[in-house]
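Quick one: structure below, then a few questions.
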Amino acid sequence: MIKGPTGCGKTRFVEAMAAKAERPLVTVACHDDTTATDLLGRHLVEGGDTVWQDGPLTRAIRQGAILYLDEIVEAREDVVVVLHSLADHRRQIYLDRLNETLTAPAEFMLVISFNPGYQRGFKELKPSTRQRFVGLSFQYPEPAVEAEIVAQESGIDLAMAKRLVAFAGKVRNLQEFGLSATASTRLLAHAGRLMHTGMPPRTACHVGVIEPLTDDDDIRSALQDTANLIL
Amino acid sequence: MIKGPTGCGKTRFVEAMAAKAERPLVTVACHDDTTATDLLGRHLVEGGDTVWQDGPLTRAIRQGAILYLDEIVEAREDVVVVLHSLADHRRQIYLDRLNETLTAPAEFMLVISFNPGYQRGFKELKPSTRQRFVGLSFQYPEPAVEAEIVAQESGIDLAMAKRLVAFAGKVRNLQEFGLSATASTRLLAHAGRLMHTGMPPRTACHVGVIEPLTDDDDIRSALQDTANLIL
Amino acid sequence: MIKGPTGCGKTRFVEAMAAKAERPLVTVACHDDTTATDLLGRHLVEGGDTVWQDGPLTRAIRQGAILYLDEIVEAREDVVVVLHSLADHRRQIYLDRLNETLTAPAEFMLVISFNPGYQRGFKELKPSTRQRFVGLSFQYPEPAVEAEIVAQESGIDLAMAKRLVAFAGKVRNLQEFGLSATASTRLLAHAGRLMHTGMPPRTACHVGVIEPLTDDDDIRSALQDTANLIL
Amino acid sequence: MIKGPTGCGKTRFVEAMAAKAERPLVTVACHDDTTATDLLGRHLVEGGDTVWQDGPLTRAIRQGAILYLDEIVEAREDVVVVLHSLADHRRQIYLDRLNETLTAPAEFMLVISFNPGYQRGFKELKPSTRQRFVGLSFQYPEPAVEAEIVAQESGIDLAMAKRLVAFAGKVRNLQEFGLSATASTRLLAHAGRLMHTGMPPRTACHVGVIEPLTDDDDIRSALQDTANLIL
Amino acid sequence: MIKGPTGCGKTRFVEAMAAKAERPLVTVACHDDTTATDLLGRHLVEGGDTVWQDGPLTRAIRQGAILYLDEIVEAREDVVVVLHSLADHRRQIYLDRLNETLTAPAEFMLVISFNPGYQRGFKELKPSTRQRFVGLSFQYPEPAVEAEIVAQESGIDLAMAKRLVAFAGKVRNLQEFGLSATASTRLLAHAGRLMHTGMPPRTACHVGVIEPLTDDDDIRSALQDTANLIL
Amino acid sequence: MIKGPTGCGKTRFVEAMAAKAERPLVTVACHDDTTATDLLGRHLVEGGDTVWQDGPLTRAIRQGAILYLDEIVEAREDVVVVLHSLADHRRQIYLDRLNETLTAPAEFMLVISFNPGYQRGFKELKPSTRQRFVGLSFQYPEPAVEAEIVAQESGIDLAMAKRLVAFAGKVRNLQEFGLSATASTRLLAHAGRLMHTGMPPRTACHVGVIEPLTDDDDIRSALQDTANLIL
């Protein structure tokens, strides 16, 4: 169970883990209408015959892959409950449509992630779900590391990347604006990539960082003032 | 991500960009019931066979087109989440019905738009979606430019177009009426086109601008008084 | 876009326009469950084959007819959004099920109507929809005209029709009863028709005008007293 | 449009009218899930073929019958809107599934009923619907008439029927109990029929009138005391 | 219409009545999702053919059985409305799918039951439904009778049964705990049956009566103290 | 009916009971969308034929198995009502789709469980359901027993297991944090297993116990301080 704000590198971390472990990675972005059927599979009519099509969860178990459920709190509860028997000592799921019990091989891993700061009141993981996982909390990287990441992702030089990170640091400390999210590493990389194509730094910062953060005119110009000072 | 009020030219801008880039444009007007299936495609039964029909998103990726999702905040969340893997470093979507991963070619572009002033409280793009886009804020054009647009769109002379724009300027400054939208460039073009067919300016302004703005008798006559002064 | 209270003659006006323009008229009464599919058409299974059946909107476009969407605010949002590309400079709809883009011929006209006084708070046309139409506000006709209409519709003589209109005038000025609608031209024609079959005027007024207006005993007898004075 | 409390004889009245007019009667009891499709008809798969099955409304029009929609306010709005074109000067319905317009013959009559005292706030007929009908308000019959009805319906003698009606009169005047309905003619007939089979009057009144009226112990014994005094 | 708290013997009473009347009994436990279709029947596809399958209500009418609808207030409104024509002078239901009107034979009886103390505010029988039935209110039996029932149902001796009933009497008088239900005859029989298998009376009372009544620790030990005093 | 907090061993207890009784165990994890159909079975189209597939409840009855419905309060009400006739003297279910009544053999047992501390207000078992079961309340085991369990489940030595249990004891007494669940036996076993693979005790406690308990930074460090003192 990985917790952390948007754009801090949760997906990249799981991709890196999968590469290191040399295991295939199956990613599912969960949303309001994600149902157990979407994960487990369904019967499809093909020609005149009915064929079963594995869902991503079923495929991941059969391959012994790493299954990554992104934004798990968004999924409907039947999804979450399906994970219960899979995520405790049983390591099994029951496919009622096939009347088949599937036991996960030792290589199979289940990773879930969510953004604790963005949980809308009525959407939380139940304790009985949470307690089936080991937990890790992510934050944005240390400034020096983050600058290196931004430089590498975008192609700009390290000096400019450091200035972007400094700008992000200022924004992250501004709590009085009530932003529902803050300047993520992902946004810095966006701005950096725009600069790398030749866009002036302040404009790149405006369209790549500030506009995605807010629709409010006042906050936008306050953020732009901050950017102009640093860049 | 293009933000701006209704009738300021967002769709026209995207059409112009597509023409300039010489890329096909696929437009989807999102609404409350727009689902991922609507965008990705579905199986249809034709004769006795089941055939797959690409949705607009899938078609746009295959053609390397520009996909324009208008009023994206209206769409259901599963639509928004489908865009996540397409709009970050992966540039991929997974079609679970076909068990096929589609990678977008370099020419493919994704443009979304919405009207930040009209967002109904409970409908907002999630930060994790917003932070996958570069942002542009649109406003109505400068008076001189707007008059030129109105004249060209409607066929009336520039002097009359300027008077229409002056009227719009007045209306846009009237915040005490609590209008949920204001006199857009589109409405001015409507009024201009009615004048061009011979309708008296004040009547054209009434049916082309004022009636679409409000159903309130008092506001309507206040606006008409303003129109009568200028036209 | 025609706005006006119930029973003031909106539908009749559109029918008259269609007759004058010598164009076929396609009318759709919108309601809570009207969907885009209802308007655009659907595949039906007939015998063993699947055939496409045009909906009223598609038929109207193909015939270059006048399409009249009555009580448009009642329809679901996907209906409204379908109209967007049809009602701006594009004049097109995209039928995703047929993968076909339909362009409206010059003769095609789109008329929508609603009753602004009856909009239930949460149901309003979005500005982006309203601003695609030219607007007309309807009221009940001038007394002399209304009497003529009632006489012609019902067969009673003009003197009695004038008395009915006088009664309606009184009722329309009574705002203290909190009626959700008032005595419409349609109701007067009903009462007139009942009189024409020999029913006494006061009874005709009771069952034809007063009972349809309210279920409240006190208001009913107040209205009947007013009727008794005039008829 | 017939309005009146439950058990006052609305259905019986319509049955009597139909018998007198020598027209077939088609009755539909509306409820929360009554849809336009339920009234208009639907395609059914029979053997390998698809056949159309008329709904009660369609059948009633084809036969020139009297269609009686009981508790119309309970039906979903699409039902109500279907009636609009049928209940004004057009007298037509459009069956989109058959692409057929059905015009009602002169003999066809449409009767709707509801209980104005039981309308739950959010459920009311729209003015545009009400104003398409002529209205009649029903109450319980005069005591003498009601006693005759009860005697005839149940087989008890007129003296006992009068006492039942006297009891009902007391109950109907008791407004302090907050009963959601009161002792209807139907309930009196029930009690009468039980007496006719030999049940003691007070017991018959208890199980036939009082228990159906309330679940509250205190109100129940107050009502029984009243019954014991009179019977 | 039988009203009474849970576990007082409503179902047993109806079973006994059916046995005495020598009529088959058809029982339906109603719930939130019980629809008219569930009661009336539906078309099923079997092999290549479509066959009609009677629902319990239709079967009960055809057999002249006693139909028992348990917890009727839980059913959806379309169920309740279907009963209207069946439960008044018409004694008919119309099966629209079969286009067939079914008249109930003289032997057919309709029994409904509910627990008036457990009705959740928004769920009540409409007066127009209630007034179609004769009503009976049930309570727990007199102590002497109840002890006999418990002894016979469980096999324990009458002395112990009397002590259980005495305990229940204490619990039923404890209103200060805000229990949503109280110690029913059914629970006493459970405890008795556990004692009959050799379980100590206090334990049997704990797991058979007290645990089913509440999850609250404090109330549980208060009830256990009461049990310990008597048993 | 087994009640108890998450991770206290309810599922393990039922598994142990089933093994001791030498009966097969059928487990169903209930959720928001669990319907009666999911439990009873459904018709599936296979090839051209329709075949019936037993659901877990039907299978359990036919095999005389132990059916374990975990988190029963989450299931939809139609599930709960299906259990009513099965859980009282009748021991029957009626499969309406097969028109078949199934009587449970003597070996069949029905076990339900839920967490009384986690019931969200609007979700409670109805008294008529609760009173059909014998009840057992579970808590976390006594410290000595719990340490033994943790040692055996994880492979760590008893001394360390005792320290983990001591830490859990502290956490369970901390009510001021408003945690929606507390350190369960399951979490202690997780931490123990991580230590057994060589992870330092404090880290194991952090990712295995503390992160799953809360997303709050302050509570997290308070809990970590407690852990650091003991481990």
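Residue numbering begins at 1 within each chain, and the chains themselves are lettered A, B, C, D, E and F in the order written.
In this text, a contact is a pair of C-beta atoms (placed from the backbone, for glycine too) under 8 Å apart; a residue touches a chain by one contact, two chains touch by 3 or more.
Predicted model, so just to flag it, every value in this text is computed and none were measured.
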item: Minimal step count in the chain contact network, chain A to chain C; value: 2
item: Centroid comparison with chain F (C-alpha atoms), farthest chain; value: C
item: Equivalent interface positions on chain C and chain D, same or different at half; value: different
item: Cα superposition of chain B on its sequence copy chain C - rotation in ° rounded to nearest 5; value: 60
item: Euclidean distance of C-alpha centroids - chain C vs chain F, Å; value: 59
item: Chain centre separation in whole Å, for chain F relative to chain A (CA means); value: 29
item: Centre distance in Å when chain B and chain D are each reduced to the mean of their C-alpha atoms; value: 51
item: Residues of chain B engaged with two or more neighbouring chains; value: 48
item: Touch list for chain B against partner chain A, complex; value: 1, 3, 35, 43, 48-50, 76-78, 80-82, 84-85, 88, 96-97, 99, 116, 119, 124, 126-128, 130-137
item: Contact footprint of chain B on chain A as seen in their complex; value: 6-7, 11, 27, 29-34, 38, 44-48, 53, 55-56, 70-71, 74, 115, 118, 180-181, 184, 186-187, 190, 194, 207-208, 210-213, 215, 220
